Structures are given as C-alpha cells and as structure tokens.
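Shared chain: chain A. Partners: chain B in the first complex, chain C in the second.
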Partner chain A sequence: MRVFKLKRDNFIPFMKGLGKFGELWGPVKKGDHHVYAQASPEQFDLKAIRTIVPAKKFFLPKKSTILKFKNNEWTEHFDVKKRVIFGLHPCDIHALNIYHKFYTRLYPDPYYLKNREATLIVGLSCLPDEHCFCNLTDTETVNEGFDLFLTDLEDRFLVWIGSPKGDEVLKLVKDLIEETTQEDIDEYVAWRKKRRSMFQVSLDLEGMPEILTFNYDSPIWEEMGDACLSCGTCTMVCPTCTCFDIEDEYDIRTDEMDRQRFWYSCVFREYSMVAGGHNFREARSERLKLWYTHKLVGFMSEYGSPACVGCGRCVVSCPVDINVLTVAKALLKEKPDAFWARMASLKNMEVEHA
Partner chain B sequence: MLERHGSYPEVSTEKEKNENPYVPERARIVRKFDLTKDVRFFQVRICDPDKVMTWTTNYKPGQFMMISLPNAGEAPFSITSSPTRPGLFEFCIRKVGKLTSKLFELRENDFIWLRGPFGNGFPVEMMHGKDLLFVAGGLGAAPLRSVLLYALDYRDRFGKIFYLYGAKTPDDMLFREEFFRMKEREDFECYLTVDADPTGLWPFDIGVVTTLFKYVDIDASNTVAVVCGPPVMYKYVVDEFLKLGIPDDHIFMTLERKMKCGMGKCGQCVVGHKYTCVDGPVFTLWDVKNIRSLI
Partner chain C sequence: MGKPKVGIYGLTGCAGDQLNIINCEDELLKIFDIFEIESFVMASRAKNENVELDVAFVEGSVSTEKDLEHLMEIRKKSKILVAIGHCAVFGGVQSMFMGKEPWIERYKKVYGKENAVTLTPPLEPKPLAAYVKVDAVLPGCPIEKEPFLKLAGKLAHGIVPKVPDFPVCAECKWKENECLLLKGQLCLGPLTNSGCGAICPSMNIPCIGCWGPIAKENWESEALLLLEKGYKPDEIVKRFAIFGGTERAELLKNFLESHQKQESGK
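Take a look at the complex of A and B:
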C-alpha cells in the first residue's frame, strides 16, 4: 500500500480538492451526538467517535424508490449521487466490507452497486472511548474497503491509498501531499501503541459462536425478551444489519406507483408473520435470539467471521441496555450489575403497576 | 448452497445477469378456475414472446416466483407446473391476505407481474435412478405436483414412484380429477385419502395421510422421500419415513416463510444462518435437525 503525508494545515484544502469528485459528507456534531452530513470540511469533527446511524445509509438508503410503475410497466429507478464520505473508522469500513459481500453475493444488488460505485470512501483513524470494542472483534485496523485512509498524528496525517480510484482522486490534490519519512513511521508506531492501550472493554467474544449454540434454550433469552421493547433501534444503528421491507406507494394525482424499499427490523413483531396471521417468531425472546444468533453465529457460517465490528452503537443506543456486550456477558455468566439491576427494577415496576 | 445435495449440474436460475432482478415481468392470466372453495388455479403466460420459452423451461420443480400486483405488494408462490411442460406457468393460490384477495378479483387476460424463479428447488438430478416417495397434505400438493409431473414426464429416469395425498375432505383436495385419472396409470402408485367424508361418496381411503404408508413398497436405501403439507403433518410423516429406513439427507421438505425479495437480501425468511429463499425452500431432514427453529 502506498502512503503519503499531509500536513494538518493542508487538511481543509485537501478535502476541498477531493470535493471535486462529488458531494462532501462527513461527521458533524448534532446535539450531543454526531451524524454524517453534507458539510464543508471546516465543520467536520475529526474527534467524532461514532455517528448515530452508520454509513450504510449511503448504500441502502433508509427509504428509496427502486421501481416506478406506469402504463402497465415497471421500470427501475435510481437516485445516485457522487459522494465523498469522510470519517469512516476501521470498524465502519469493516462493516461496509461485510455489506459488500452480502449485497454482491448470488444476486448482485444493482442499487447497492451503483451507490458504491459513485462513492469515494475516505477513512479516518480514531481513538477508542469506553464503549469501543473493535479490539475484541478483530476489526481494529483495516487493509481494504476504502479508497483513501487518513491516520491522524496530531500535526500531520498519513494518507493511505486503498484502491485505484483513491489513487486517481489523489491526483486532484497532489500538490498538498508529501513523501513519508522515517520520523513519520516512528510516530505512527508509537501512535498505534498508544491507541491499543486505550481500549477499556475486555471480554471473550471469540468463543461466542459456540457459546450461543450451547445456550440456544437458555432462560436468558426469556429474561432479555421481557425487557426488550422491540423498538428496532439496535438494528437501525447496527452497521451490518441488512434487512429491508418493500412496499408500494400510490400517487392518486399522477396515477403512478412507486415501489419503495426501506429499512426493516427482525425485532419487529410483523417481521416473520405470513399472510393468514401465522407468526414464526411471536415471542420477543425469539426475535432477540434471532438477531444475536444470526449476527454472531450465522455470519460465521456464511462468511467466516461474525458480523459484529465492535463499533459500540448498540451499546450506546439501546434504551434497556441489551447489546452485544451485555448479552455476551450474560451468556458467559458474568452478569453485569447495572444491567441486571435494571432488569430487577423493571420487574418491580410491573409489580407496582399491578 | 446446492452442493449439499450431491454433485449435479446446476440449472441456471439467473436468466440474464445484467438485468435488474427487482423488476417484475408482465404476464397474462390465460385460464383460472377454483380447485377448492378458497384455492384458485391460475395459468399465466409471460407477455414478452421472446421470454416465454426461456422462462418456462428454465426452472426447477420446487422453485417459486414472486407474484405482484401494483399497490397490493409482492409475495412468493410455488410453481405448480413442471418445466417439462413449457409455455405457461401454473400456480395454486389460496385467498388469505391482501395480495391474494386482489388476485382473486382478476379475470382472464388481466395482467400480473412475476419475478423469478427463486429458491433451490428439488434436486431432481440427484433423484435419478432412485425410488420416489411423495407425501402431500392439503395445499402441499401444489409444489409437489411440479416434481411429480417432472418425474412422470421423465418416467424412465426413476425407479418406483409412490404418491400419497391426504386432504381434509374430498372438497379440499386439489386437482382431484387429475389425481383420479392418475390412479388409473399403471406406471406409478397414487393413493388418496381424506380425513373425513361428509358426502359418503368418497371411493378411496379415509384417515390421515400416514394411513397410506401401508401401501408403500420401496427400497429404502435407494429412495428419495419428499413431504409438503401443513406444519402439523411433518413430524408424523417424517417418523414414517424413518421407520422405513430412509436416511436423513434423502428426506426433503419444502417450507414456507415471509419473503420480500427472493434473493437472500431482505432477511425476512431467515432461519438460523439460512435464507429460506436461496438456501431453501427445499430442505433435508438433516437441515431441519441442524438448524433450530426451521420447523
């Protein structure tokens, strides 16, 4: 892989240069959180850890029209914009790689492919906070799946080129980048060491596929199911959740029909319900179990690695603290106090209501 | 996904690779009639004359198509015709929901839209040279008719063929007249039963479908067994298969799930790590044991 150096003072012109490729999107502060938004490089927050919704929204939009119906014919409909997406961390890029494998296998998805083709992915290094656990999911560093990747070394960036597209685009800003020196390499090694020492979560996630298989009938699922709100937040914020639903929308004014595809969640009650009302997964515990077994065991069988990249989005988003870490801990019999205390309080609340 | 049934040439399910697999193809209803009080038979023909033959020869028994009507949605239906009889697609559709109610309002020459075929289908090449034992219950006769017609049209490729079909009452039996005529054939054994006969005119067996196993005379070590029917039926029929000594990976069943894409993407048919639409809907008994919550 080829590596160059970019002085920090040149960052803004560098990003503006890349902006010639397409719309500039990056992490921008919104309230207490971050979101990927279209903005000028001055607004990008380079210290952002995780955005609320992952970058999958660029490739499988939350809601999009895939077909249009008129005069008894269905025709395909694309809404593709050329974009530069800046600020994806290694975990996000790993998640996109899983997305890529998933959406290009068997029946390659034309909408995904067109969006991916039109996107320039510019990664950015990060320093973990207390919820990050990419060190446990083997997604701490990334070698493929990006066009350019910036490693933030305070006064300078290292610019890694990950694809021919990245190499091509870099020509737009060739005056701003320099060759790397031994000093840069030393500093990078020191930075890696520092980053590695910052992870705070420790847990045996490697054994999860077997442990989940053994615990298929565990009462833990019932207990978690009791607490789960079936709100679907975990699936919306998860960067490797791929499910969608399709519905038709009719416009009475133009007599046109749109077939729309939108994000959907396996924890919703209607997810496994067939016509006639039979539901293959009526209980919340069943649906919760599906999510975890599919993510941590199912993907293992199909793609050789679990579909959790350790981004911590479910950890910060679930309103009742059901996430990969609490589930793993519960299955490993290391019950985290906060979670079970909360569970107990929920049960007490029910008693009070009764 | 197909390797596990043994090695046999894969029938191409991807017709034109560059085509957008989400775009449905227009078809015309050429014939329809009621099979029972809530199940209707549809014969449809692809409108584009260039596609009629490629579409209707390029599928496997047991595969399904996504049928859609604008503003009513899209759902999977197993193909009940056989690729050995090309030109038309046939479906048995039960009126249960929004889409099927709309389908029941359609008349001959009305349009419907198709995508597919999807799913793995029955491993027909692997069945060559073997005895076949089909067991159907109720609407389960729809997907099984496809593979039964296939086997009868290539009769010399298979050993003995047994077809056992049970329905609630004579009025609930699909393709009643067709099967009555099949009973007269001498090159295979067709047995029919009903759980109850309010008419008093039913000439054959009465009782659940497993009562028909007394007629079965096959070489269990060289048999492929196929079952399709309501969920309650599977356990009892599978027990009978095992009593005969048929191995797990020679027992096939076809399952139902909610599907929106048919291409292993939307996720709604997922069971364990399998997507019913691409890894199924035909599974072996081994799959059922291996993947929890499959049936």
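Take a look at the complex of A and C:
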C-alpha cells in the first residue's frame, strides 16, 4: 500500500480538492452525537467516534424507490449520486466489506453496486472511547475496502491509498501531499501503540459462536425478551444489519406505482410472519435469539467471520441495554449491568407488594 | 372494473379526520375521480345510503347507541371497512384510562346523573373493532394527508392495506435523531405505531403516542424503565393513557393499583 503525508494545514484544501469527485459527506455534530452529513470540510468533526446511523445509509438508503410502474410498464429507478464519504473508521470499513459480500455474493444487487461504484471512501483513523471493542472483533485495522485512508497524527496525516480509484483521485490534490519520512513512520508506530493501549472493554468474544450454540435454550433469552421494546433501534444503527422490506405505493396524483425499499428489522413482529398468518418467531425472545445467532454464528459459517465489528453503536443505543456486550456477558455467566437484568427485581417488587 | 363505491362517515369524534380528507385540496378532485363517492356528508350532497359499498371510511368512536346502529348499517353494506383516526381505531381520548371506577360513575361525575344525555343513550366510548370486523386502519390524531392518499391509492387498486408493524423509533432512526428516551425523557416512540414520520422527536419533542399503541406493545418494560429513571407511577400512567385507548386502560389500572399498594406498604 502506498502512503503519503498531508500537513494538517492542507487538510481543508485537500478535502475540497477531493470534492471535485462528488458531493462531500462527513461526520458533523448533531446535539451530543454525530451524523454523516453533506457539508464543507470546515464543519467535519475529526474527533467524531460513531455516527448515530452508520454509512450503510449511502448504499442501502433508509427508504428509496427501486421500481416505477406506469401504464402496465415498469422501469428500474436509480438515484445515484457521486459522493465522497469521509470519516469512516476501520470498524465502519470492515462493516462495509461485510455489506459488500452480502449484497454481491449470491444475488448482486444493482442498487448497491451502482451506489458503491459512485462513491469514494475516505477513511479516518480514530482513538477508541469506552464503548469501542474492535480490538476484540479483529477489526481494529483495515487493509481493504477504502479508496483513501487518513491517519491523524495531529500536525500531519498519513494518506494511504487503498484502490486504483484512490490512486486516480489523488491526482486532484497531488500538490498538497508529500513523500513520507522516517520520522513519520516512527510517529505512526508510536501512535499505534498509544491507540492499542486505549481500549477498555475486556471480554471473551472469540468463544461466542460456541457459547451461543450451547446457550440456545438458555432462560436468558426470555429475560431479555421481557425487556426488549422491539423498537428496532439496534438493527437500524448496526452497520452490518442488511434487512429491508418492500412495499408498493400508488400515487393517485401521477397514476404511478412506486416500489419502495426501506430498512426493516428482524426484531419486528411481522418479520417472521408468513402467508396464512403463522409467525415463526412470535416471541420477542425468539427474535432476539435470531439477531444474535445470525450476527455471531450464522455469519461465521456463511462468510467466515462474525458480523460484529465492535463499533459500539448497539451499546450506546438500546434503551434497555441489550447489546453484544451485555448479551455476551450474560451468556458467559457474568452478571451484566443491564436494565433487563435489573428488571426482574423491579418486577418482583411489584409482585411482592401486589 | 367500475370505480369503487365509497362512503365516508363520522361517529363520535372531532370530525378532524374527515376535515383532513377535505384538506387534500389539490387531490380532492382526484379522489372524487377514482372513487364513486356515495356518501360524504361533510363534502358532498350525494347521499345514497341504499347502495352496496366497496369501501367505507369511518372516523370517530362508538359512544352512543345511535353510533352503534349507524356502524352496524355501514358494516352490513360495505365490503371493506376502514377505521380512520385514533377514535375509530383505538377509541380516542374519550376512551382513555381516567381512573379506576366504572365508566358510569365517571359519566355521572361529568353529567350529574345517569340519564343526562337524552338525544340518544350514551355508551362507554369504544373503537369500531369492539363491535364489528375492521378490515384496515389508518391511525393518527388526526389522520394526515400523505398516509391517507397512499391508503386511498392502495384501495383504488383493490389492495387492502395493513398498518406498519413497527414503531415510531424506526422512523426516528431513519431521521437520525438523538434518542430522547436515552436522554431521560418520557418518549412513547417504542410503543407507538409508525407512519407519522417521527415528527415530534425530530423536533426534539417526545412522542406522546397519537398514532396509538402498536400491536403487542411491551408497555410494561417501558413503564418499569421510566420508573427506574425516576418518573412517578401516576406520571407514567397519565402519559400512557392519553392515546392508550381502551385496551391499554385495563393494563394501566392494574399497574397503578400494584404500585399504590407498594407505596402504602412501605
């Protein structure tokens, strides 16, 4: 992989230069959180850790029209924009690689492919917070799946080239980058060491596929099911959740039928409902079990690695603390600090006094 | 296939749902074009009550014997009956949980005596489904234009639409909002039918549930979560009750009772 150096002072012109490729998107602040938004590079927050919703929104939009019908004819509908997406961390890029496998392997998805083709991915290094655990999912560094990747060494960046496309666009900003020196390399090595020492989560995640298989009938799932609100947040924010649903919408104004595809979730009640009304996973506990076994076991056998990249989004998003870490802890018989674990006592209190 | 024959009716409610159909100004002609409107008292002089209907839209709750008679007539002559608006789908605010005493006691408190309303005998307000088969629903208080037009589009093509089975939170995440519940606010997004586009949380205002309780809602988990966050049982019950309709009322009653016992047991 070729690598160059970019002085911090040149960051804004560098991004603006890349902006000739397409719309510029990157992490900007929203309240106490971050979202990927179209913005000028001055607005990008390079300290952003995780966006509320991951970059999958660019490749499988939250809601989009995929076909249009009119007068008994249908046409495919694409809404593809050339975009530079800046600020994906290693976990995000790993997640995108999983997405890529899913949407290209058996049934190549033309919408995904066109969106991917039109996108320039510019990764950005990060320093973990207390919820990051990519070190436990083997996703803390990344070698493929991006076009360019910036390592932030404070007064300078290292710019890694990850694809022929990246190589090509770098020509747009060639006057802003320089060759690296031994000092840059030394700093990079020291930075890596520092970053590695910052991870705070410790847990045996590697054993999860077996542990989950053994615990398929564990009463833990019931307890979690009692607490789960089926709100769908965990799946919406997870960068490796791929599910969607499809619905036809008829517009009486134009006489057109739009076939809409939108993010859907295995935690929703009708996800496993089939014609005739039978539901294979009527119970919330069954649906959660599906989520976790698919993510941590099913993916493993199909794609060779689990589908959790340690981004921590589920950890910070579930209102009742059901997430990869608490579930793993519970299955490992460590007591997780989770609402669903505390809920039992809240409930007992009610019964005792009733 | 001829145009579907349609009737639009109101029982007890604020008539806001019918009004919002009329408010589809630009599309109103189109609606009258794709459907044969047989009865729509609020908008049209046409009033053919003796024809069989393909689709009947009914707003309002059943709150009087007259309502009930009217509903039965509509049901009898309609192939597809669509409940529109919170009152018709869930019972409306008039059916919310207001206290533990039987409905007639509360009625007397308001009207002074048992037979105060003389035009038609009153009934405890209930949603349409308490009495008849309802084929499709469109929640909202009131219903909104875009969801109504989509519903009308489907019906015009002979598709019986179903209500989304997922809550406001999903749409809220599509909008990439910060979660108000996580910030400690009393947001009813997880328990509420989606369809509104999560407009309230998108404006930083917690959802109060006007699209009604989602089927198989896990209200108990959220109630306990809010207790843990420091809300008082009656605060929770009050908020859950507003758009909770008849079904949630019973659950809330038990919840409150067990917590009051708990308080007095201390």
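Throughout what follows, the second predicted complex is superposed on the first by the 338 of 354 C-alpha atoms of A that agree within 3 Å, B and C clash if a C-alpha of one lies under 4 Å from a C-alpha of the other, contacts with A are read in each partner's own complex, and residues count from 1 in each chain.
One rule holds in what follows: a contact is a pair of C-beta atoms (placed from the backbone, for glycine too) under 8 Å apart; a residue touches a chain by one contact, two chains touch by 3 or more.
Predicted model only: the values in this text are computed from it and were never measured.
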Based on the superposition on chain A, does the combination of chain B and chain C result in a clash or a fit? fit
Look at A:Asp226 in the shared chain and tell me whether it touches chain B only, chain C only, both, or neither; answer first, second, both or neither. second
Contacts of A:Lys63 with chain B and chain C, given as first, second, both or neither: second
Chain B versus chain C as contact partner of A:Phe268, first or second or both or neither: second
Which holds for A:Tyr250: it touches chain B only (first), chain C only (second), both, or neither? both
Vertex chain A, Cα centroids of chain B and chain C as endpoints: angle rounded to a multiple of 10 degrees is 70
Quick one: is A:Phe214 in contact with chain B, with chain C, with both, or with neither? Answer first, second, both or neither. neither
Applying the document's definition of touch, where does A:Met236 land relative to chain B and chain C: first, second, both, or neither? second
For A:Lys30, decide between first (touching chain B), second (touching chain C), both and neither. second
Rounded to whole Å, what minimum CA distance do you find between chain B and chain C in the overlaid structures? 5
Set intersection of chain A contacts, chain C complex versus chain B complex: 248, 250, 257, 264
In the complex formed with chain C, which residues of chain A make contact? 30-33, 35, 51-53, 62-63, 226-233, 236-237, 248-253, 257, 262-265, 268-270, 284, 316-317, 319-320, 339, 342-343, 346-347, 349-354
Of chain B, residues touching chain A in the complex: 14, 20-24, 26, 70-75, 96-100, 111, 113, 256-258, 260-261, 263-268, 270, 272-273, 278, 292-293
Residues of chain C that touch chain A when the two form their complex: 26-27, 30-31, 34, 149-150, 152-154, 156-157, 159, 165-167, 169-170, 173-174, 176-179, 181-182, 189-191, 215-216, 218, 221-222, 224-225, 227-228, 257-259, 261-262, 265
In their complex, what parts of chain A are in touch with chain B? 66-67, 69, 72-76, 102-103, 105-107, 109-111, 216, 242-248, 250, 257, 259, 264, 266, 271-276, 280, 286, 290, 293-294, 297-302
